[in-house]
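As structure tokens, here come the structures.
Two complexes come next, and they have one chain in common, subunit A, joined by subunit B in the first and subunit C in the second.
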Partner chain A sequence: MPEPDGGELGPLSSSPTPPPSYPLRHSLRSPLSPRVSLCWCRGNSLRVSLFSQPASEVEFGGEVVELKLNDGGDGEISNAQWRRIAYGSVSPFAMLQSRRNSFSSLSKINSSPYHLEWWEYVMEYSKDINSLLGNPKSSKNSLIEDPKTFVQKSEEPTCLKAAWELMEMFYADKLSQPWLPERLVDWLADYDSLFARAYGTVYSKLLNFQNELINLQVIEDDPRYWEVIASALAVGWLEIVVKLLRLHGSYQLDQLSNRETENGLVEAVAVLISKMPRMRPELEPRRLGECYKAKPDFIKAWEKWRGQINKLDCSAFWIQCHHVQTREGLRNLLQIMLGNMSSLSAATSHWLELYISHFLYVRPFTAGLESMYSLAQRCIQLKPMSNSHKLMGVMIGILGENTEVVLAESSKEFGPWMAAHAIELLTAGSDEAEALLREERYSLGEISLEELHRLVYAQVLSSHALSWQIAPVYLSSCLKQGMGLLEILLYRQPVPHKELLLKNLEICRLYELDDISSNIMKMAGVHHWKHGRKGSGVYWLQQAQDEFRLNKIAQLLFGSVGKSISDESFKQWEGLIELLHSESKAAGGLEFLLKYRDFKRLLQQIGDGKNDVAAQQAVESLMLLMKNPSTPQRFWLPLLNDSLKLLNWQDRPLLNVSQTNLLLNKLQELSIARLRPHFVKPDFPMEALNSVRLSLATNLGRAILEE
Partner chain B sequence: MEKSVLKLDKGTTCTAWNYCGQRLAAGSVDGTLSVFDSPDPASSSFSRSSSVKVREVGISKVVWVPPEYGDAVACIFEDGNFSIWEEVAEDSLSVQWKLCEFFKSSSSKVLDIQFGVSPTSLKMVAGYSDGSLKVFELTNPLELKNWQLQAEFQNVIDSVSTFGKASCLSASISWNPVRGEGQESSFVMGFNSDTPQLNSSKVWEFDEAHQRWLPVAELALTEDRGDRVYSVAWAPNIGRPWELIAVATEKGITIWHLNLSPDADGRLPVERVALHSGQEGEVWQMEWDMSGMTLATTGSDGAVKLWQSNLNGVWQGQATFLPTC
Partner chain C sequence: MAVTQLPRPPEVYKLPQYKYVDAVRWLPPISALDRHAVLALFDSDGGSSTVEIHSLLNPNPDASSTAKSLTTLAAWTPPSRVSSLKTTNLGHRPFIAVSTVDGSVHVLAAQNAHSLVEMGAAPRVHAGPVSCIDLVEGGAECVSVGEDGRVNLVSLGDSGVSSFRFFDSNGLVSYSAARWASPNEFATGGLGFGLQWWDRRKPGGPVSQFKCNWTQGRASGIVHSIDIHPSRKHTCLAGGSSGTIFAWDLRWQQQPIILSGVVMGDGSKHSVSDSSEVWEVQYDRDVKSSNASNFSSSSRMLPVMMCSEDGILAVVEEDEEPVELLAEPCAINSFDIDKQNPSDVICSLEWESVAILTRP
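This part shows the complex of A and B:
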């Protein structure tokens, strides 16, 4: 069994020692200074600043280069298509997670036989994901009945889809377990072309032959004709074999009478091939073979079929067949069907093809994964791989029943998307795999492999402005560290852009990240305030409930309002206060400024100290301010100090006993507050306190006398 | 895999990206501070939005102020002084970069500055060439000019140890990136100096109750305590039970686990989990990615290296990038 190599699970996908070296290409023509500056931006994109040597005669002083580490684009699938896949997989993934939550609670209370098994949900998920990875299988049969076309050159399949289907059939699709070998036959039929680039394969042989077919006069004389038929038969592409056989010259009307025996043999073989018993529930229309669902029926049919082949093999008709190539070619086909090892080996190119041919003709009764791995090893020995193929690691991991290897290989070869999504397949209905992938590991920071892969994938998603919004879906499925990463992700979004800011806040609301939300609003508030948009600044600070900064702003305004009471600029401040007021939704720390403005206006009206009516109004206004809980405590003393004129009103005491008492109480509260540790000292001299106290006392005396 | 993002002006000596990677501040040898912006968050094309001559002295390092305090940078100059500049629109004028505060250092040069955000305030630590540290605190969150010196101390565990006048070539400071409530501010700091006691990286934590900074951990094995420290980097922690800190010394890159629950002496337990001598020469900069899973380093060999932990918790070099024309 191959051992897990343990590495390659971070955003980069390899961990050999020493680490591989890559060029970091730049366009600077001058000699570089060794000093390089690094910064991680968005997810796992690394920005590197390179500097020219100071003395050199250069056009530019340096360049910033962005390195995207493992953004998924590996040449097979474009970045745009990756994004399509990424977006498309969100809802199947989220759906499965929510089903998992309800499934686990449901299965505890209700063991009803009517609800679906877990793997059935996983299969639904797998089908959804699979549909994103490319078009449905291409049929090896021609739909348009061109007699000379037997291999359709349809859309190139991808290794990604091939790997996904492989994992689906072995892990998730519990229905396919009894007929895994047949599933593999179908799988290879779909994906044999993937190996064609690296190795000669049955597919490439067929394609080459098809291209030359037009130039061939007597097809059965060409040894390649018999070779490709044997190859196609070895891997179970029966329709192609039969179609090719029927191109045999003996079928031509003018030859039929002369080559009756020969034609009879060709047809007999073709019929035998099309009657091959298959251990599978069904075959698509146009596919050849006879299906058997139950093993005993299949064994019986198989033995009968084999008997017929043997009978034909021993038949006397062969002596009467004078066309050597036909005779040899057909008998070779019989040998293949009889499971002759050397015929099978000669007919196949890649070990997987040899492997498949074993299931078809040598060990047709194989079920499940029994000894599949040792057979694979034998086939690899017989047909060694000169270079490794993307799919091989995953395939061998699956056959070796080593989930950890499968995960590591799929992560290495297909990137974080695959690892994050394939875990659902790997754990479908397997307690062992579930324990392995969901167990928290100390070495990973007390998270599971499942969570690790989701985090890594979410980080890759965060790297791009077009995909970061879907990262939260994956992060929210990470119970231990997902929210931590989400907080950092949200914190790193630019706040000056309104749409982004709103999107960001929406995500915060969805995941109940109130702290981050208020921090983001605080950042937005400060940004707007500093960039001259005072109204927006105050609005966002109010939303953030940042009393500290709002108080500072209020203090600033208060100071300005106070200073400029007789100035022209008071009008400006009035405007701002008005604006702040209109934007303040809650009874924020700024509401009092509005009242303060009114109070100041009244004080202005009093002017020379003769206007009794205005003075009485000013007192009312003062009382309102002092009673209002939104008036910050720090402003009490300045307010009282401003009101000295009212407290010392010459004609009569303007404040009655209870009003004066209230103000005295406030003053007392203020004195006590001074003793507390977090008290913010107003910029007021102590004398002010004393003169206010004195004036209040005097007023109280006068008011008592008056009453 | 790589893509050119922007070209820097002649004479550029240092760069720094802001919190969201949308703005780059670049300092130059003639004292010019340039800022490059991307108009659209989805685009990665950047153009210069402003260029200010901040002084007649070369800028050796630019550090962004945390975004809760506006768009501002600290510029460290080659003569060892530093200043804080801010982008503001004042009195209905258009947005421009303005000087908030100039910090003149009398006898010693400032070598590194880093900002730390606590729930209540903004703190700034500066490391000086005489081996001292100064912690400043912003008194008004809306005004970057009002800084109060909160503390001044040396990077030593034992405050009674005496040594001659120190001469430090470089300093490296890294704040614990945590932003949540209820956690004390802390940072790690190391020197590259001729005074062994100062060098080793120490973790400093603010003791709110007594309003003082305490050394709570030392990230060096006993035999390595005098090693010169070139760079330190505190990793973001998204939920690990331990903190992760990288320290580059003359022996190589070390990675430490720091446990935040103190032992009986009030010290935080530490464990060195990796030592790598993969980077030739001095390591000048180390940066953790957003999850704290990958460490990027660079140094005098001009190479960019990436480090990751495997499934067994073993730290390994993952890739090396060499600038190539």
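This part shows the complex of A and C:
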């Protein structure tokens, strides 16, 4: 889903089977110069069509190939994963939008202290989204501890999650603002492995060392042992440092007596490390350090701790320590803790690690983004980035307090999903950012950056058969152009598939788009009708209340409806006629079929010619049919012919004078109509006409006598 | 929407599949201990469909967590996307009937959980997609219906699969649901909330039709699913558009029993899902013994489970508030109640996942 970098196409998916090609038949006359046409079709498919001249009679005149293009991303997240994230983010997003609406209306009335602050809602949203991006990193300590494992290889974290957490930390989470440096320490601990390929990291150093640990006999003789301890300490992974220190040979029981001083020093350093004061509200269990919430307390503790380190550094015990590596290694650790720049620089791999070590040991009181930014620039100067990394642009944008850069970088590196969802974080606490992202821009066609990114994301969703149905949630949050695009999206969905059609209509109902819903039903009706599914066609046109088309198809239908009661084919129509039953729904000209069926039923009920009541009903039904202008002329004669039984009723004349006259007039009209040019000749024998005329005349005579 | 919550909510496990779940059913038991489900999946990236047997596992049987997972054991590739899926048990062997959007019907047999064998196919018995198939209980006979207006009987015999066109309305009527009532009778449903009753001994048309103007001016709709309880073969339960669930008693022809949805006259009915499509209905087999006596004698409707486009899975009873089991932000397209273990329900969610519910 992320868009490929400008100017270059994404790589072709390396599927073992070549994409299928479809023959293209055309009847274009030669001479024909070959042509190639390229266009995008659904999703990431590129359609290549080739028109050429058929070489022979049997050959087709062209070919169409659909090529599936991979997403332009680095493959960190597969398409299916992206869809899962897209599905999962619908609810949090919709919830936040509805909260925003009620929040803005509420805050206008009163600013009650009982209501949550806006950023708290955003935090809730952010936590929901974050949980979609991957599991929380399992804690570094498992239940059964292997003394030789200090780095747990957990599920590979993603840059996407790392970037999200970074933005959450800086923009949404107001509670953690005083502890930002410590939050960054934790963040790097979780995501340092992401930088391994680009820069080489403390994490990868530790991992390599852990793999070789089994082969090492005397661990403290190996310079790498001291190197990795220094690195881990520099980035604040105190648990790992202490654990590694306790692997020191002097702890072994058989050596304890010989190396008492040495062991004492190792232990002293380990204890000092584990007592490091941290400016943060709390630490997870099993994590080392002592927490201070208030700055004065922290400063006091910090100075005391630094004093202890200094004291140990000047201690006379170092001279008694005969193991050179241990002595040098431990003193280097002390230097790191004292904030010695060259030690820190040597211990860290890339600028972020150096940056973190600054927060921990050089400037633990850093506050404010301005100073954080200048520090970051100094660290980048000291350790320049050899190659770029996805997260760096976002990181520097955040520290530089440049919201537009952050948005542009996250959109470029992580795609439209990120841009559309991260805006909520960016605007969480800052009026400036809100104004910047919500301001309508002339250059964007009078829409805001926020709307732009939502529209782009909605377009990406719309292009996929499985995700198009969540696009309306995003489109409906776009005030300017959302509804217009939503209409286009709904019209674009294919109508033949029933489930899809019903989903489409459901979306219309949710957003109160009655006109569109009725148009879609008309499209469905016409589609089914054209494909011979007359029942479905009539149903959907009825649902759409499209009298015009119903009248049209009625004329087509009448041609094929069986005309006589004895006609067996009429039975087939029963099912369709049943559909027309509901009174509320417009049936158009088709209403006639319903009445015609009812009339036929009545005639059948009369049966042997004794049932007076039924006969009278049949007469009324006949009169209604003959009077109704929607009764097609071609049915007049069959109707009258079917009613011969009624006209020749034995006991008494069923039709009175005026009724008979009306029927006679209709018959006359029919005879005149024969002379007109467009007359459709009924496939009825002439005798029928004569016998109807005779019966009508007889009935007229009887009726006159009766009256 | 007034819905009561269960005193104890069911345990729900959501299992993402990363493929669209076209249909889902429990598979009749192959062995005493294992439990299996059949899933029809559509991979939108590759554009391919599969029918797969999954085994339902408890990954940590020792741990207190009862989290579940699905593992693919066997798979079969249909020629096109699956439109309907049914299972039955025939001679202690599970049979699966599959219909496709290309109008074909396939009969598969599971020799064991690891092999899924196609016993035969009836290609292109419908013009266009097959809307619905149903396998007769304990037999290898299938009824299939489609929008093209055909009613086909597909049966598995010694010489493979044979099909017979029982009726063809030539598109004048479209059918969207079908269900056997007995080895000879079945019901179908379609547009305008119409239901038809058929008897294979009386070909040439439906024996009885149900369609009356009971929607009272409200939008008419489509029947999406039918169920018939083995102990009450005269009642045909149907679910369809506008949150409608109704039952048609053959002995009492023109007046339906309405369980949900449409308002009748002045007496308003409980509606479980406002104007949304009810995709599937099944009689709830998980009736606790205390309630069972209420139903056995009286003419009261048995409880019904339903799933809907607006993401509700609920149990509906006549004249009572519906009990909601699951409320999802996406559609629940189908579900199946385990016949052996009726407190367990498996359902397919629109957002490429499957949910398994275990009721207390």
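FYI, the second predicted complex is superposed on the first by the 474 of 707 C-alpha atoms of A that agree within 3 Å, B and C clash if a C-alpha of one lies under 4 Å from a C-alpha of the other, contacts with A are read in each partner's own complex, and residues count from 1 in each chain.
As a working rule, contacts are C-beta pairs under 8 Å (C-beta built on N, C-alpha and C of every residue); 3 or more make two chains touch, one makes a residue touch a chain.
In this text the structure is predicted, and so the values were computed from the model without any measurement.
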Looking at the overlay, what does A:Gly532 touch: subunit B (first), subunit C (second), both, or neither?
both
A:Leu216 in the overlay: touching subunit B, subunit C, both, or neither? Say first, second, both or neither.
neither
In the overlay, answer first, second, both or neither for which of subunit B and subunit C A:Leu283 touches.
neither
Classify the contacts of A:Ile299 with the two partner chains as first (subunit B alone), second (subunit C alone), both, or neither.
neither
Using the superposition described at the top, determine whether subunit B or subunit C touches more residues of subunit A.
B
Which partner does A:Leu247 reach: the first (subunit B), the second (subunit C), both, or neither?
neither
By the touch definition at the top of the document, which applies to A:Arg509: first (subunit B), second (subunit C), both, or neither?
second
Touch check for A:Leu466: first (subunit B), second (subunit C), both, or neither?
both
A:Gln543 contacts which: subunit B (first), subunit C (second), both, neither?
second
Touched partner set for A:Leu664, first subunit B, second subunit C, both or neither:
neither
Output the subunit A positions appearing in both contact lists, the one against subunit B and the one against subunit C.
15, 43, 68, 465-466, 497, 531-532
State the interface residues of subunit B toward subunit A in the complex, per the touch definition above.
1-17, 19-22, 24, 28-29, 41-44, 46, 67-71, 86-90, 92-93, 95, 120, 140-142, 179-181, 236-242, 278, 284-285, 287-291, 293-294, 296-302, 304-306, 308-314, 316-325
Spell out the residues on subunit C that touch subunit A in their complex, using ranges where they run on.
16, 18-20, 44-46, 127-129, 131, 147-149, 169-174, 176, 190-192, 194, 196, 205, 209, 211-213, 215, 217-220, 222, 241, 275-277, 309-310, 329-331, 333, 350-352
Considering only the defined contacts, which subunit A positions touch subunit B in the complex?
4, 6-12, 14-15, 17-29, 32, 34-44, 46-52, 54, 58-69, 441-447, 449, 455-456, 459, 462, 465-466, 480-481, 483-485, 487-489, 491-495, 497, 500, 515, 519, 522-523, 526-527, 529-532, 548-549, 552-553, 556
In the complex with subunit C, residue positions of subunit A that touch it:
15, 43, 68, 79-81, 83-84, 87, 90-91, 94, 464-466, 469, 496-499, 502-503, 506, 509, 528, 531-536, 539, 542-543, 571-576, 578-579, 581-585
